[in-house]
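You will see two complexes here that share chain A, one where it goes with chain B and one where it goes with chain C.
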Partner chain A sequence: MEKLAEAIYGGLLSGSVLGLMALGLTLIWGSLRMLNLAHGSLYLVGGYVAWTLINWYDLPIWPAFVVGVVAAALVGLVLQITLINPILGKPGWDNASLIATVGASIALESIVLLIFGARVKQMPVALEGQFTLGTISKANQGLLIIVAALLSLFLLSAFLRRSRHGMAIRAVSQQTDAALLMGIPTRQIFLIVMVVSAALAGLAGVLLSSIFYLTPTAGFNPMIKALVVTIFGGLGSIKGTIWAAYIIGLLEAFLIVYMGSSWALPGLFLFMIVMLVIRPNGLFGLGEMQRL
Partner chain B sequence: MLKVTDLHAGYGDSEVLHSLSLHVDEGEAVIVLGPNGHGKTTLLRAISGLLRPTAGNVELNGTSLSHLRAEEIVAAGVIHIPQGDLVFPEMTVMENLLMGAYRIEAWRERKQKFEQVFHLFPILAERKNQLARSLSGGERRMLALGRGLMGKAQILMIDEPSLGLAPLIIEQLYETIKEINQSGLSILLVDENADHITVADRVYLLESGVLVREGSAEEMLRDEALLATYLG
Partner chain C sequence: MTQEVGTLPLELGLEEKIQNRLHSAAGPWAKPNPLYLGITLVVALILPWLISQMNGGRFFLHLIILFFGWGMLVQCWNLIMGVSGIYSFGQVALFAVGGWTTAVLATHYGWNPWVSIWLAPITTVIASLIIGLPTLRLRGIYVVLLTLAFHELLRNFTTTGPKIISGGGYGLKTVPKLGFETWFGGGYDKILYYYVGLVFFVITTYAIWRVLHSPIGMAFRALRDSETYAISRGVDPFRFKLFLFGFSAFFTGLAGGFLTHYQGAISPSLFNFGILINLLAMIVLGGWGAFWGPIVGTGILTILPEVLRAAENYRNLSLGIALALIAVLAPQGLGPLISDWVKKAFRFFRKSQQQEAP
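The block that comes next holds the complex of A and B.
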């Protein structure tokens, strides 16, 4: 019973963070048709900027978190303008965008390594204390992460459903030519998508680095898992991605609790392979046709 | 108001439109008739900026549109309703219409625009919360037209409104187009068959990327032999 509670809590926690990471990937895939392999580095930017402000400049935790998220968004903006825009709409976009984003991630990781070194850092927790859930006792920070993630997911989906720009993001991803004919400036929309997605990655970085350590390669694992989530959820589908994040988060937590943590990644990949065999188009079976 | 002069356009090395000139006056409805594959869609795409013309000029009320991007051409008031509708499939009818009013000037007036569109196409009001992909072919065509009307159009360009629809719906659609034109909006329509040229004031015949004839709808109708030659 205790194990079960442990697994469910762990699953909700990692599902929340996966959701934040994966939604960013899915937004970019849905609108730009680009696999953003620099997504993990944006996670790093969020984490390290917040850590630096707290430890080197004695900023309180909450403002530091906000600045971390904003910094990640800004780096996303710069990446889009300097790297992505020049190759957008040119022949060979698929390969070019992959190489550009891999390049950006290598560069960002190296910068982090040069400034901070390889030694692990830990973010202080924003919310001290413990709460008890039946027989298990957990850190309040975990609860904060779950609430923050759910809130962000809710705000994002409201933005996409209700606001003029949010709807335009969906329009561009569903039918680019028609969006152009409505006078929607696609490049500006791509920029918004990149900034939102980078902010989500930054938020994941900020929230998670108090649980996991910060290292120059710390963004890699969350990104790979988020990739599994987006593929599982059907690339480009918002609803699918959110469901997939929690399913995969729970799966991972159950693997860790019942089989040991070394099973987590191999188990996930095994699951993804089986999944791709059974439902090649993802959880909701919509695949290429389904966009944001 | 819309003036196209010596327009050349094409895809890659193959030129589709060769030195094409036409004009649409204020409040006028003009049809460009021509067989499939002779450049009708290319003409509209070149005017709306989806395709960059290789030479020539497009003017709206004396201002050149040739170097503007597609979204700026929309802002200027040239609205293109594409062939095959291109609705946003995973968005509701309401959301599709809202996207037609994306430009901020139109967005501010979206409430009045809704009323106009729902008045012209009552079926869209009934279906307003349905996803566009669940609509019938005729309803989709109405949605595409309605979406175009949500913008601040000075001229509406319509690509083959009758394509793939049942005869009864086609009749209704052209009636509505006529109504839209009578409310004062200029219309440039491209069509493959001559069945509905009476909605237009003037007709051009397009053949192999060149305009070969121009005349009023009545003149063209009297010259049925000519229509038959061009359109089989």
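The block that comes next holds the complex of A and C.
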């Protein structure tokens, strides 16, 4: 019983954070048709900026978190303007965007390594204390992460459904050309998508680095897991992605609790391989129209 | 038709340009130029003797041997990534399969390395078919993830797997070498490894050149550029892609076996993301999908970091920036750029000769 509760709690926790990461990836894939391999380094930017402000400049925790998220969004903006915009719509877009984002992620990671060194860092917790539920007692920080992630997921889906810009983003991701013909400034929308998704990655970095440690390569694992989530949920589908995040999060937690932590990543990958063989378009797959 | 072309007001030299285009496009009948080939081979045969006379020659030979090994891998990867447009990140995993096969056989079962090295490509081909069967039915981003998944699974297996494979998490440290250390009274091992590497490298390069300039190669380019059209002309994508996967896996496995026996060790650090990125950078830097691209790229990225030892700390930073810049500014890579310069230089040379002649 205790193990089960442990697994469910762990699953909700990592599912929430995975949801934040994966939603950014899926937004970018949906609108730009680009696999953003620099997503993990935006996670790093968020985490490290917040850590620096707290530890080097003695800023209180909450403002530091906000600045971390904003910094990640700014880096996303710079990436979009300097790297993505020049190659947008050119022939060989698939290759070029893949390479450009890989290059950006290596560059960002090595900048972090040069500034902070390879030693692990840990963010102080924002909420001290424990809460107990029956026989299980957990840190408040975990609860905070779940609540914060859920809140942002909720706000984001409201933004995508209700606001003008959100609707424009959805229109662009459904039919880019048609959206352009209807007078939606697609380039501006791409910029917004990139900033929003970078901010989400930064938020994940800020929230998660109080539980996991910050190292220059810390962004890779969350990104790979988020990729699994995006693909599992069917690329470009927002509802599918959120569902998939919790399913994958729970699966991972169950694997860790019942099989040991060395099984988490391989187990996920095996699961994904089987799933892709059975349903090549993901669980809620939208079906690429180009499939023959 | 030829007359019509002749009557068009073609600017000077354009006809020659079109002819050149036609020749390279008419791939199935292309033949290598025997003169250049002969010169290159003779230079390659003499080179190690000259280099070993140099100061620090052994180290330079070591770099060239590494260039041969990684060059084979990168060429094969380019065949999959660049030429046929499958975003497979499983090439290092295949390389590792080859390396581990021969390493385990030679270390724990006492096989002669000269025999076991030939089992490396065979098991690698089998592994590539296992990876290829589920992967090649998918496309684009799905392929990236699935092949990365195999990469990670293999990393996990070689770290925590049975002791004869993982060596307790540290890899196999005492793989027998090819035994050149004692030949001719010793001291010639690097030169001998150089020749073995050269033979493997030349065979690989020739095989890839042959495939690229054959109907099969044309089919691949057709599949990459317009899959729908290629399929409607009767090209079966799955069969061709599976063939290419197996073909490139053969030489990748051979490279894995060769480098493992050369270095006398293989460890799970082979799966580090940095190595994967470095190899990818070789393809991108040299020229994605071009025949000479990966060779040029491997050359640059094997030699340059050693020359710029002082800038070791900034290696990854500059690599990342270079990748991003190439993607934005020169999507074709440096290979075509360099070959353009060479051609221009030749043409300039020829022109100045013609002017002098009369």
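The criterion applied here is as follows: the second predicted complex is superposed on the first by the 287 of 292 C-alpha atoms of A that agree within 3 Å, B and C clash if a C-alpha of one lies under 4 Å from a C-alpha of the other, contacts with A are read in each partner's own complex, and residues count from 1 in each chain.
The rule is simple: a residue touches a chain if its C-beta (ideal position, glycine included) is under 8 Å from a C-beta of that chain, and two chains touch if they have at least 3 such contacts.
Just so we're clear, the structure is a prediction, and the values are computed from it rather than from any experiment.
Student: Taking the superposition on A as described, I'd like to know which of chain B and chain C A:P60 touches: first, second, both or neither.
Tutor: Once the two structures are laid over each other on A, A:P60 reaches no partner at all.
Student: Please work out whether A:I184 is in contact with chain B alone, chain C alone, both, or neither, and reply first, second, both or neither.
Tutor: So A:I184 only meets chain B here.
Student: Now for A:Q174: first (chain B), second (chain C), both, or neither, which partner does it touch?
Tutor: In the superposition, A:Q174 touches chain B alone.
Student: Once the structures are superposed on A, label A:G89 by its partner contacts, choosing first (chain B), second (chain C), both or neither.
Tutor: In the superposed model, A:G89 contacts neither chain B nor chain C.
Student: So, A:R164: does it touch chain B (first), chain C (second), both, or neither?
Tutor: Touch status of A:R164: first partner only.
Student: In the superposed model, which partner reaches more residues of chain A, chain B or chain C?
Tutor: More residues of chain A are touched by C.
Student: Using the superposition described at the top, list the residues of chain A that contact chain B and also contact chain C.
Tutor: Touching chain B in the first complex and chain C in the second, residues 290-292 of chain A appear in both lists.
Student: With touch defined as at the start, can you tell me which chain C residues reach chain A in the complex?
Tutor: Residues of chain C touching chain A: 85, 87, 134, 137-142, 144-146, 148-150, 152-153, 156, 160, 227-228, 231, 273, 277, 280, 284, 288, 313-317, 319-328, 331.
Student: Where on chain A is chain C touching in the complex?
Tutor: 29, 35, 82-83, 86-87, 90, 92, 94-100, 102-111, 113-114, 217, 220, 224, 227-228, 231, 235, 262, 265-266, 269-270, 272-273, 276-277, 280, 288, 290-292
Student: In the complex of these two chains, what residues of chain B are touching chain A?
Tutor: 48-50, 69-71, 74-75, 79-82, 86-91, 95, 98-100, 102-103, 107, 147, 151
Student: Would you tell me which residues of chain A are touching chain B in their complex?
Tutor: Those residues of chain A that touch chain B are 164, 167-168, 170-171, 174-175, 177-186, 289-292.
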